[in-house]
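Should a chain be cited, it is by its letter among A, B, C and D, assigned in written order, with residues numbered from 1 in that chain.
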């Protein structure tokens, strides 16, 4: 069970945002549910709760916990900022960087990726299109998650509505840096969307409302996991 | 002892920033030390740790815990932001807003103060001079902490180097909103600085390095608390 | 005619934004049209073109020209920023500050108002509601323009849809600083809206699409000016 | 002489920032001086004045004029922003993007480069180190100007103090996009620094205080131009 806490691909990474369904005690329950599905299906599922929920969740589950953001700072006078060391110390294994709802300046993405590497956090840089994904790849993050912002939260899956964004991102990123793991996100709500994403060359998905706001998140997570398993078996 | 958790004035509010001495386990120890001094001296001492440390500290101590920042948002799609409800739910009783290291747009300070009020968090708006303090007072926060940024971290106390900033702030703020509690900060390192601040009409201090980075924070907190008691006894 | 260039109240202040109808040569034509109406109707009309159009327009018309924004900076190393001295030198007599499409941090609004005063530019701080207007008043700008952002560009006039925002703003601002000139804006498209704004206690309006994107801006400006004259004659 | 207005490499690009010596009438004089040196030495010299000075300067000189920044926007409701079309229409042939004093979010750099291309402006993306330069190269700008921010304004030339930053940037950028012209900047004050920059593989320099604040800018520009000619003749 120890390796449950390790990040493996393919991965389903669930962004809790600031949804009521994924805040405080609800966040803990959802993380426990994700852990259960992860064990049952044998697929890596990571969760990205709010900062204040990281330590509680990291103590309660053995699946990988991510921060939603870190600041490109170190110890010192940075009131109100998110210190990479603190996030790591609270039990996170990785962090989103530059999510479309928390975009950063280019030099700060570079510095945040560097800081993540220094403290041992897996960096997942979010991007909005192919050129920006290629650009991010040059900064050598561990993962890139491409999400066309116009599809986020719509239920229109990037893997079906804009498959060319996914395939061109995979191609452009791998050309610059073949070591980067590529995820995609936006609008993913069912197993078919997930399977399509994997078939297009990604190694996982970044998902939020599709799971967090689903009527039955447990069922949807299982559906996602099984879709990945089906693609893998081919 | 129950009332220990309540915010009373005069108050010593300790900003942990992202100092190594006040991160993770160090943050818990420092908060426990603050609680000890608060009980021994009978003076209200609040602590403002990093977001990820709030819940752990709030469970371990009964003194008031503040966030260092909240975002002017509600439940929803705000990845990487600090939700007021989460901070409250994690055990904080209040929050700094607009610290000089995390300045906000005017409309966002207004919205953050409103959100703090809605969820039951005490709002402490930080300001950099007298006009900005007056401006903040019009937004009806619970407290205003004036800190000339050029003195922060210098060891040159605002209460001695710029007493006129403190007195003119007290006057300007009270004229616009007599209900606001006024703190001052920047450069405060010993009991005399604290006593001077109280004599100038403030109801407490906002302090960071003066305590966090002191050789003996326990001793310095006692010195601060006793300085307040001496002024009160006159 | 010399006094045409002076800012007098009541004033119609036309924000050119980055509308195609008010960029480059179109901006010059629109400013000349505004000057014509100003002379014919005897009402002060100011124009706020883009930065690059200020000098050309200021040379061609004698009505007051405003910048849309200034940065709170002085001479020095501020690449890509808008220096108050440059704007003044190019012929502007005033500037918008903190427009809802270019919001500033509180400390920067304070610094920008101070800088405007230092170089002799009339400061017009834009605000989004009554508390923020009161807050801005404490910074002692020359004018405050309250514009509920949700009405901007809608054609639903603030003076009719939210008259209480206007009256409470007038009351709150005058209480803090009786010397501030109050304008209102958002959704104003005809003379009735303008008359309503003046009757609610403002001394002018800030308008953009209502004039810039009108089929016949000349006619609309005349309608606005005459509405003001009618209210004044009562 | 017509081709004077065209951007050719090697290029000396002079950033006027908001220096008093390069504002308003001083900016025009400095631009005319740059034009004189450009003609006399036969080297391309571009100038990047403040927004409000672009149109006046572009009318007076035939050398290339650059904006210091553009916003990634189009025609519409963007009060206080810098419209690429306006800058072009005022006579600029190019623009700096992401200068260290005006850093942008990654997605906005991408959008600004795209907008520059759409309106026919040469894009010069400023970067602070090698990974960020590589990252910028993936966005396909026309030029990249690498400037270690810690050296800007110091008089310690990047080409001598950190030659490896320049050579590794040239290598990394060319690998991702061989079509990008590479400039370097920061601390360049004499001909030797310029010659060193060219020898390291750049096609020009971005310079500010080294020329603008020189006692005799005319003489320094000539020295820079001749240093380039000497390197070319070898």
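Criterion: contacts are C-beta pairs under 8 Å (C-beta built on N, C-alpha and C of every residue); 3 or more make two chains touch, one makes a residue touch a chain.
These figures come from a predicted structure and were not determined experimentally.
Visitor: Can we say the copies subunit A and subunit B touch using the same residue numbers, with more than half in common, or are the two sides different?
Guide: Counting shared over all numbers used gives more than one half: same.
Visitor: Would you kindly tell me how far, in whole Å, the mean C-alpha position of subunit C lies from that of subunit A?
Guide: 45
Visitor: So what's the Cα centroid distance for subunit A and subunit B, whole Å?
Guide: 35
Visitor: Where the centres are mean C-alpha positions, what is the separation of subunit A from subunit D, in Å?
Guide: 38
Visitor: Note the residues in subunit A that touch 2 or more other chains, in rising order.
Guide: Those would be 100.
Visitor: Pick one for the touching-chains graph, please: line, ring, star, complete, other.
Guide: Contact pattern: a closed ring, each chain touching exactly two others.
Visitor: Quick one: in the complex, what on subunit A touches subunit D?
Guide: Of all residues in subunit A, those touching subunit D are 98, 100, 103-110, 127-129, 131-132, 134-140, 172, 176.
Visitor: Report the residues of subunit B in contact with subunit A in the complex, numbered from low to high.
Guide: 15, 17-20, 23-24, 48, 50-56, 68-69, 73-83, 85-87, 89-90, 96, 99-102, 152-153, 208-209
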